[in-house]
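Read from first to last, the chains carry the letters A, B, C and D; within each, the first residue is number 1.
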Amino acid sequence: MADLTVRVGNVQFANPVIAASGTFGFGREMRVFQDLSRIGGICSKGLTLLPRAGNATPRVAETASGMLNSVGLQNPGLQSFLANELSFMAALGCRIIINIAGNDHEEYLEMCRQLDATSIDAIELNLSCPNVREGCMLIGSNPQMIEKLVAAARQVTRKPLWAKLTPNVTSIADMARAAESGGADAVVLINTLLGMAIDRKLRRPLLRNNTGGLSGPAIKPIALRMVAETYRAIGIPIVGVGGIMDGNDVLEFMIAGAAAVEIGTASLVRPTACQDIIREIETIMELDGVSEVSQYTGTLALWNG
Amino acid sequence: MADLTVRVGNVQFANPVIAASGTFGFGREMRVFQDLSRIGGICSKGLTLLPRAGNATPRVAETASGMLNSVGLQNPGLQSFLANELSFMAALGCRIIINIAGNDHEEYLEMCRQLDATSIDAIELNLSCPNVREGCMLIGSNPQMIEKLVAAARQVTRKPLWAKLTPNVTSIADMARAAESGGADAVVLINTLLGMAIDRKLRRPLLRNNTGGLSGPAIKPIALRMVAETYRAIGIPIVGVGGIMDGNDVLEFMIAGAAAVEIGTASLVRPTACQDIIREIETIMELDGVSEVSQYTGTLALWNG
Amino acid sequence: MQTIEFSCPIIDRESINDQTVVLTLEAPVIAQTAYPGQFVNLASNQFLRRPIGIMNADSKKGSIQLGIRVSGEGTRFLAGQKKGDIVSLLGPLGRGFHLEGARRVITVGGGTGVFPLYFVQKVCQTRGLEGIAVCGYKSRKDSLLTDQYEALTCQTLFASETDDDMDFSGHAVAALADLLLKLKPVPETMILTCGPETMMASVAALAKKHGISCQVSLEERMACGIGVCLVCACKIKQGDEQESEYQRCCTEGPVFNAEVVEWQI
Amino acid sequence: MQTIEFSCPIIDRESINDQTVVLTLEAPVIAQTAYPGQFVNLASNQFLRRPIGIMNADSKKGSIQLGIRVSGEGTRFLAGQKKGDIVSLLGPLGRGFHLEGARRVITVGGGTGVFPLYFVQKVCQTRGLEGIAVCGYKSRKDSLLTDQYEALTCQTLFASETDDDMDFSGHAVAALADLLLKLKPVPETMILTCGPETMMASVAALAKKHGISCQVSLEERMACGIGVCLVCACKIKQGDEQESEYQRCCTEGPVFNAEVVEWQI
């Protein structure tokens, strides 16, 4: 039997497949499609300190091999999550990562404090949501702010801290190094690329928020490059995300340097994606004659010259 | 009859459709497929001061709704171009833009000097090629260097100067503003996004150059967003590029703020793309009841609130 | 674990007009449980799935019907599928119309809105409820399912905005207004509507004026259709004092009580 | 303006084995002008076109044949096309084999390389040239076009790496070496080869040893196929002193004289 376990820092996962934030809710709806105890982990929808209604609709536009979303962090707020959802998630039997976004530094810290006492496995600091005005991408495109925030969070919680970074920057490696310096346990690459779709007849953006985040296979080459680039720049683990649709994609991300991966948009078009992908990984490992999936991580041989 | 003429600064084009650098050669091969005197203009393959052999192969990888290329500016060098290709291009009957890339500041200037005496219609400063080690993207991701280079080029040529910018930056508007401050006549948005494709079996990048530039419909939402964002930041015209496949796409870019557009990858999969797209624009204008195509430019009504 | 069907063969395909087809799919599990107002999310040759309302379900034959109007690439592909082709779909999804306690059910459909409401009238027939179907079209040429509606026990009222040769000449809302004036009121009457938002808002206003309860089927752009991505938000009014909140069209909807809907028009 | 055909109906489709088909397309203009070694660039359900060598052209019937081996999504789609389906293609593209001045033409094909070389032997037959076709396969099960080659006037030599029941047991290169030893030399002999790069390099070395001129058909990943994108570069040696330079596989090639090729292996 293939050994699918991976470690991201001190946290062990049954397999490298984690459901990405914002594409799996809190797991409730997905139970119908697969046995959630068998996937590596679930990352919650992005939570904020106070409840957020999110942006006006339309919030989605289809693009070539991808989609734009501008949900804008609609969520019930941390308190309601802790009261109504956490125990449900905690009972699912897979690793639970909580994705949090703050309007400012202090909001992030307050959420970290509140999560410290819970049973969750890691906190994912969303430094990359392109659909809200404050916090997030503003912090995530500034290395000083990243380092400062991660270091401060490090002080208020013992939970593993993952920094989820935005690709909308000149140097992703600089951002990842900042997160590492701040004491992050892992970086998560990538969130969505800022994009726009236009309705020619109306001469209006299709999204009511004007812009949105691009996800799906369209962005995979960019994500893969960022993982490979960052792998050479930092020592902490990388969780790879962006356009992963099948088991082969997962292994490409691992070869590029990812210790584990997150599956986002794939779950929206194929609700059984996570489960299917785990099976596909097993099949390919047999084909490749690899017995431990973690052996793929960082084995990319660059061409030189 | 619809009026398809557009102006980019002082240069008038018969229509907004320009063949993008690197996807149309110097026009020779494309004559078979269409009457080149009827397209708006042709932008040459990127030229360097000295001949360049380009990168090792494979130089292409297919991706979801796009492709990666790592040609690496293979070209015969400016001198050979001037001796053997320019007169051919000049006789085609459409606007001719020459795309140039330097290893350093001085090489750009030397090429501008040499082009000043020719009959070409504009110089496109390639500040954005992701496939070469020096110049290009390094300059193009630093506002100070952009401004300095454009200003210096402004001193050595009276030709219209277009600055072709890279999307691999945190703020495209900052780069465009720098080009404007330097005295550019237009900015061209966008060149390719840096990406990677991996061969799982070989655990090697598919491209011999490891990384390549992502083009095609996959990147259209990013290009469109950058055009719309930049349109609000600068006063000089924008030439829109990135994933344009049909006439509707052209008009979306114009609505977002482009005065004209360039067609790249579309010509590779459909050699008649430029011609077809011009026809499609005419058809849509009739549908939209618009008589002058330039009336589309910058008419995007953003949602507010 | 609830079964959610995936690959369904097309067992029949009928062209309704040059833009519209009715596909009959073999989908026994969906046919068993689906009720009017629910939808399926269909894979096509495009990236995202496409939500289509369920037009009919035959639990005996194990088949469902979908009425599809070509409005872009995805529906063009789906409408072009042939007998024997297999489509991937998820369903039944969402919350449909509640008929509990109804005695008379008036449906008001506009355009493709007549498709899911056909299922409503079919169920009324089965349950022996009085049904009145108001169907509004641009013109006779654009009319859909008139024969099928007429074959049901419900009373039908076909309205055409531009032609004089249907039952009512004018908009479906005007037809309803006319109907409600002439009709002898019955307690436990319900108005169910599906169609363009402006039409549904007017129907809802009319229903309110007459004191009749009203349910509307909203349309929002969707991705997952199963409640996880939150792109399909609809503004729904809460209790009197509270602000309205976003609910998921695909999960809490697509059918809502008209009173709680905050119209976007 | 030269006509470049676009939409060609498939008029015949033959399965060669479970991975390979031969498609016959109606393409009168290409059939008229194509010569062996040229290729077409075919649209599929993937983003980029797919280059496929021309296996045969019948100028009277106005048709061409393509031999396609499934190696990924694009070729799977193409191989799955049926009679009557229309494919979009560009061609004929590139520079093929030069047969001018030849008296004896030896073709050495490996795997799908036997497809374009069939066209060579067909032309040899028409022109009354002596033809010898060496075709190498993994095993008899993987053999391709043996009947078709046998129906030509050329001498055939089928080599199988693993089976003993074909003409030669061993690699195509070994078969060629054997042949060249036994064969009475004729002036103006040419060796034309197409297949895996290692095979072609060995064939070229063997030809050189025997003082026979040799042409090879290179394969590079392509995008446009028409010479504008420069992704398909092949390293080609210049005059003795000069460095080798990149030439376009799709335009200056795919066929090159073996001596100028700088092998990448």
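Going forward, a residue touches a chain if its C-beta (ideal position, glycine included) is under 8 Å from a C-beta of that chain, and two chains touch if they have at least 3 such contacts.
Because the structure is predicted, anything quoted here is derived from the model rather than measured.
Colleague: Name, by label, each chain that touches both members of the pair chain A and chain D.
Modeller: In this structure, the chains that contact chain D and also chain A are B.
Colleague: Using CA atom averages as chain centres, what separation in Å is found between chain B and chain D?
Modeller: Once rounded, the distance between the two centres reads 37 Å.
Colleague: Using Cα averages as centroids, what's the distance between chain C and chain D in whole Å?
Modeller: 57
Colleague: Nearest whole angstrom, what separates the Cα centre of chain B from the Cα centre of chain C?
Modeller: Here the centre of chain C sits 48 Å away from the centre of chain B.
Colleague: Measure off the straight-line distance from the CA centroid of chain A to the CA centroid of chain B, and report it in whole Å.
Modeller: 33
Colleague: On chain B, where are the residues touching two or more other chains?
Modeller: 61, 63-66, 216
Colleague: Building nodes from the protein chains and edges from chain pairs that touch, which of line, ring, star, complete or other describes the result?
Modeller: Shape = line; chains linked end to end, path left open.
Colleague: According to the definition already given, which pairs of chains are in contact?
Modeller: Inter-chain contacts occur between A-B, A-C, B-D.
Colleague: Can you tell me which positions in chain A touch chain C when the two form their complex?
Modeller: 22-25, 28-33, 35, 45, 53-54, 57-67, 69, 71, 74, 216, 265, 267-269, 271
Colleague: Spell out the part of chain D that touches chain B in their complex, as residue ranges.
Modeller: 1-2, 4, 43, 46-49, 90, 220-224, 226-234, 243, 245-246, 251, 264
Colleague: Quick one: in the complex, what on chain A touches chain B?
Modeller: Those residues of chain A that touch chain B are 56, 61, 63-66, 68, 141, 168-170, 193-198, 200-205, 208-211, 214, 216-222, 224-225, 228, 243, 248, 251-252, 255-256, 284, 288, 299-303, 305.
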